[in-house]
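For reference, the structure is listed below as structure tokens.
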Amino acid sequence: MAARKRKERLAEEKVFKDPVHKYIYVQDHLIWDLINTREFQRLRRIRQLGTSYLTFHGAEHSRFSHSLGVYEITRKIISQFERGGYADWPTEEKLVALCAALLHDIGHGPFSHSIEEIFDTNHEEWTCRLLLEETEINAVLRAYDPSYPERIAAVICKTYHEPIVISLVSSQMDADRMDYLLRDAYFTGVNYGTFDLERILRVLRPYQGRIVVKESGMHAVEDYLMSRYQMYWQVYFHPVTRSSEIILRQIFRRAKELYAAGFTFNWMIDPLKHLIKGTIDLEGYLALDEALVQTAFSQWVKEQDEVLADLCRRFLNRKLYKYVTMDYGDEGLWQDIRKHFRAIGLNPDYHLEIDFPYDMPYDVYRPDAAQAAGKEEKPPILLLGPDDQLSEISERSDIIRSITGIHQGKYHLYYPEEPLRESVSKLPANLREIFALM
Amino acid sequence: MAARKRKERLAEEKVFKDPVHKYIYVQDHLIWDLINTREFQRLRRIRQLGTSYLTFHGAEHSRFSHSLGVYEITRKIISQFERGGYADWPTEEKLVALCAALLHDIGHGPFSHSIEEIFDTNHEEWTCRLLLEETEINAVLRAYDPSYPERIAAVICKTYHEPIVISLVSSQMDADRMDYLLRDAYFTGVNYGTFDLERILRVLRPYQGRIVVKESGMHAVEDYLMSRYQMYWQVYFHPVTRSSEIILRQIFRRAKELYAAGFTFNWMIDPLKHLIKGTIDLEGYLALDEALVQTAFSQWVKEQDEVLADLCRRFLNRKLYKYVTMDYGDEGLWQDIRKHFRAIGLNPDYHLEIDFPYDMPYDVYRPDAAQAAGKEEKPPILLLGPDDQLSEISERSDIIRSITGIHQGKYHLYYPEEPLRESVSKLPANLREIFALM
Amino acid sequence: MAARKRKERLAEEKVFKDPVHKYIYVQDHLIWDLINTREFQRLRRIRQLGTSYLTFHGAEHSRFSHSLGVYEITRKIISQFERGGYADWPTEEKLVALCAALLHDIGHGPFSHSIEEIFDTNHEEWTCRLLLEETEINAVLRAYDPSYPERIAAVICKTYHEPIVISLVSSQMDADRMDYLLRDAYFTGVNYGTFDLERILRVLRPYQGRIVVKESGMHAVEDYLMSRYQMYWQVYFHPVTRSSEIILRQIFRRAKELYAAGFTFNWMIDPLKHLIKGTIDLEGYLALDEALVQTAFSQWVKEQDEVLADLCRRFLNRKLYKYVTMDYGDEGLWQDIRKHFRAIGLNPDYHLEIDFPYDMPYDVYRPDAAQAAGKEEKPPILLLGPDDQLSEISERSDIIRSITGIHQGKYHLYYPEEPLRESVSKLPANLREIFALM
Amino acid sequence: MAARKRKERLAEEKVFKDPVHKYIYVQDHLIWDLINTREFQRLRRIRQLGTSYLTFHGAEHSRFSHSLGVYEITRKIISQFERGGYADWPTEEKLVALCAALLHDIGHGPFSHSIEEIFDTNHEEWTCRLLLEETEINAVLRAYDPSYPERIAAVICKTYHEPIVISLVSSQMDADRMDYLLRDAYFTGVNYGTFDLERILRVLRPYQGRIVVKESGMHAVEDYLMSRYQMYWQVYFHPVTRSSEIILRQIFRRAKELYAAGFTFNWMIDPLKHLIKGTIDLEGYLALDEALVQTAFSQWVKEQDEVLADLCRRFLNRKLYKYVTMDYGDEGLWQDIRKHFRAIGLNPDYHLEIDFPYDMPYDVYRPDAAQAAGKEEKPPILLLGPDDQLSEISERSDIIRSITGIHQGKYHLYYPEEPLRESVSKLPANLREIFALM
């Protein structure tokens, strides 16, 4: 009977006050109960933008608020589809789509990209486990409908039988991207990331298993992609953020190496130990949050290993690496720099890093290519013409073509400035010039 | 010579992107260096609004961003005073005022109000120690001018010889309040907290050691105080936030009692142990941040003591206490409730709390009275008339008089709902009615 | 068959881009057709705020955009009522309510308040004639349903059988006021006139023939009334706007007097002549718009009558009267001023005017009193408590009580400054002081 | 002595409330006096966007508010140059630049582009005459400095000896464009026209007689040009606005032809008569405003000439021409259409117009080419690199290159729909298809 009651709508709709969407409206018991699970509440302790708060001090917003935002945009899209009465929208999929929108990020850990790279974990895998194994989320979904855990997982893994539901949550114009662009713009304070959401929503149409755009909406899409372009260069690829990510990754790498080498940590905590050892289980993963990671760093500043202690200090006190712009490819120079770094007591494996912003989890818009580094393809944006013919948008828009696959990034060489400055007399002239130490 | 160089202005002004003020402008080496100290960077790890993020998910902004905002508003006020060429503004105090604005909150710890109440610490005292003892902040200030640490501390402790500098940082219309109202409104997303900052700045005047308001600015002040009134009732006194603060305070109280009773914690960390023992030193205090407190809670959910474990679980998973509204004063009823709580296995010292929002660190506006609970008086808002006569604003404005000392709050009784619901059959009818368990 | 087709909804909803509501959504043929009538299009040529653009240069918005805004807010309120499924909302009245909202202002002429005062016309009467006589609006309404012209007129005249429909369009919290507060704030640029519309909409309920407010919405209403209070004092009662209205009224008065005295105008235009003679018919009234009035003024600057020419010049070139603040009631002083004005060649009937802002078409909020000057009463704002009891809001809110019936205005004496300044030597000392001519 | 006093700064700065810039600050007597001239006040009666209010109902803002905005942006740019102490900014030119910014549009008449095309007048010429002949503006400028009228005129005619002053008021990133983009976006309500003005201002530098952009500001300029691109396609080239301009132009053309043919107008007014005859003088030109034009139209609906009356009715009641999209160049088809129009009693000279949006007073950004149709070239946007080398921005930015000289517009054929629909049976099949009359 409880399950039955749960199927009903809430007697009075509930709202969350949200700075981006004004209000987030919850009308279903199921959504309300999912939000109140401990696994979903945990997203409050994981920042949406990782280390970007070290560059943009307002960017302290969590994946919790982003997840609510993705839910809300999805709710609005579906509600527009329902008002329009479009035959191509499978109305019975509404709640599955809303759950998938809400839960698509639950597998994220703290500073996901760095941790996934160093410890070889994968947040989509964790998302599936959180949906399918013994969790509060799984219990809530099952109580509503025993098939729901699998169905939601299928949407997120892009194997669901209704591709349009996948499209809502994962495509070049999905609710995920729309929310994060608006939200990241709001919290960083950059106003070049805003676009007219209401206008975009008005031109979306369900069509043969995809979400497409009415042809008259082409300029609206150009506007949306331009805000994406601006956000990537101004926020996501910001060199200071890159520097903090480098430090973070090196801390994890150093801890892993030290552990492998039998180093005894003065301070350790179980979930982190299991992460390093590769033996972390679901309960341990749930305990991993940014508070725990930061607490570890604040303890590790007192560890014997000076490389680790220094990196942690840099991260906490925001003494990040500086960078210089470089041409890539001069292997001789590169070895020369490493040699001189070693000569003045630095460890080039930790005190030097070449970074190319292009190789990142983001792209502005690439309609066709299977993405580099094994990343999956996102369906392109299609325009729906008056005679129901579809065309890929970059064929139609010069502007979109111009930002498609832009290789604007430069190579940056990151390094700690202070030791270089102290040993300036020991460096040859060409290195002094490269590092602007004249 | 380094010191001398530091006296100069920055070659090119630096900016921080800020969502509230658009940009924060730094023009002095001294301010730049203070921002880069580790004690100031630590404010990134302390939320401006404590537990309010559990009510308003956007409210994750830090004291770091607020401190920059107070600095920026102070900079704007002074710049307006300088443009106007007012004789009553002591131009040589500019940098002292800017430092005090920037640093006024550096003594805050995590969830300050709760911690100060339970562990009897005081953030203003810590602020003075951070200014005067061996810290990076102290070193930066001393390098600029050996008298600066004491001067800044005097401003913050309200003993400085130029009262107008104190006024800027601490009065009924100081830069502190102006920033937090705008910032808290922005990050919670409530738009009733905004007022027209530019208009307020235009009507402020330095006058005989105080900041006063041109008479024609009365409506601007009404607008500002009304937004304060709205923020207090909608945000600061929100019953869900109060509930989370109650849980937080009880966690600390329980930990303190357990420690005093010789309980062995499975998990403890030094700064917290010293806080509980009352032996915390400056270094330990600096290590206390919200990450550390949350990490402790996430470990304590596994402690033997079920009261502590339950409270921590409630805090982390946002299973807060519910509340009912009550008339105060019925001592018999109160004892009756406590008795029945005990009868169903609850501990009324932890599972019941009466709360009256009025008894809080905030007030909307009280021009005259020395404040309750030993809180110091803030100078009232004075209007400067055409003939240079001053009048206190609530004498002139019906609206301000109507919100002065309003006692609108109700008593709320907070309690965990689930155990009551489970034992409903054991409760008498009047309690069932009070707790809406029919 | 055409009529039948008109009953259907539009195949695709149409939108107007609106700066205040983002978009205005039109879903019914009837609404679309009404907007396209020439009588409704005429509202484009009448400013919403009359002469306020002479004080706030942005305030050039028309009654056309306001009327669309009132329609849109009404649409949103009704749509919320429908979603909530409240029994007290008569769903079959939707379209009548939308038409009344859209058309409530069609009877307004240019600078209505001044024209109505001088020429004794009444915009509500014209509204009814436009609905009931031979107009495009009447034809469109009749084609939809022969009873519609009368029904819409009844709503606007407050005699409709469903009082809740009247409430939507005319009460202390009607769609009319909500739109003009937001719109006037937007176009003047004052940001103290904004309130959270979405929050207000969420707490409105249909209840026994009225629109009431859920008790928990009290602070939202306070916020709304405070923005009204601010707008009245900052915008609607602005002394410069008052000055321009005085000039305008005097132009009309002078023209009327001259006409009565047989003066021959070099330039005249029919609709204006009939307005002055009191013989204007519907067609003539429709031809009256602000363009026509301004054209007349720009021609009258060349008339022989110097009083008329001077007033027109002042209006067009914004050489308005200055004002001084006065205590009222000193009849002797008042006669003395008039005498001296005459002595220096001024005409006190035109060159002097006492103004008291309270005597105006606006009030902030008065729940009870039948309004002064024969203005009708607007239903007060009622709170709906948990047990369905109603209470008038100013009984519950100190703040609202404090702004209820505030008499904050001062008497202002308006006059042309230049001639006084030129004849300063002929004025006695007390007048020099009053007019600040020292 | 009066002149001397006028040289001083205002005792207290004055402000105008402005929705776009919040406040507009006036600090100089000269600026204040210029604003109060009747020629400047006249700009209140001329809309900034001509007929666009028929498409975007909010777009009723005047050239008066735009002119204040251009002044304010210029003031901000100069103030930033002064703070930075750049040697390349000639500080003594400040007031000349401010006057030129304020006055650059005073020569505009109502619906300038249409009137200039039909009656062969030129607003820049009128601007010069207003500066140099006997006007209040001329008197105010001369009283300040006898050389000022000529100097301001030289800036506006681009012959001034300090090219950087010309740059401020007329270049690809001048204060004029910055204000109108922001202002038109604000009043139309489209939010894709906003860009970050504060960010743009921060990267502008005076450099060798031009205003250039710091290289790090390239993305800021991209953002600005993209908003220009969006505004052009969404607002300035909107087909409904084009339709209303066509009607307007045809009214003027018809009146001119009728006048030449000796037609007797029932209603005429001097300034208009002289405009048509080509004998308009300065006083007459100043009397021409939109009120006068609209009044003429509202009288002409009663003229005998049905073409004129119909066009005026269409304009006033917004019964605009419809349009269809066409390929250009099929001269046979074009003649065929004209023939069939004549056959059903239409006049193809008035009832048909081909329009190509590209041939317009706007372009998104063309760095090099002398513009079509004799329009003068605007200096391109230059980036200033770290080594003081300059580069034209479209060489550096793919995006800007992609919008440079875009030929995205289509040919539109405008025509009245109703007569075609009524004579549909007389039209051949291909025309029925073209005009969608199936």
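Note that the chains take the letters A, B, C and D in the order they are written out, and that residue 1 is the start of every chain.
In this text, a contact is a pair of C-beta atoms (placed from the backbone, for glycine too) under 8 Å apart; a residue touches a chain by one contact, two chains touch by 3 or more.
Every value quoted in this text rests on a predicted model; they were computed, and no experiment measured them.
Participant: Centre-to-centre on C-alpha atoms, which chain is most distant from chain C?
Facilitator: So the chain farthest away from chain C turns out to be A.
Participant: Rounding to the nearest 5 degrees, give the angle of the rotation that lays the CA atoms of chain A over those of chain D.
Facilitator: Resulting rotation angle: about 180 degrees.
Participant: Any idea how many Å lie between the Cα centroids of chain A and chain D?
Facilitator: Roughly 44 Å separates the two chain centres.
Participant: Just how far, in Å, is the C-alpha centre of chain D from the one of chain C?
Facilitator: 32
Participant: What is the distance, in whole Å, between the centres of chain B and chain D, each centre taken as the mean of its C-alpha atoms?
Facilitator: Spacing between the chain centres: roughly 51 Å.
Participant: Tell me, which residues of chain A touch at least two other chains?
Facilitator: 22, 190
Participant: So in the complex, which bits of chain B are touching chain D?
Facilitator: Result: residues 15, 22-23, 198, 202 of chain B touch chain D.
Participant: In their shared complex, at which residues does chain B touch chain A?
Facilitator: Counting only chain B, the residues touching chain A are 16-20, 22, 36, 38, 41-42, 44-45, 53-54, 56-58, 60-62, 64-65, 68, 186-190, 269, 287, 289-292, 294-295, 298-299, 316-319.
Participant: Touching chain B in the complex: which residues of chain C?
Facilitator: Within the complex, chain C touches chain B at residues 190-192, 194-196, 219, 222-223, 226, 229-230, 233-234, 398-399, 401-403, 406, 408.
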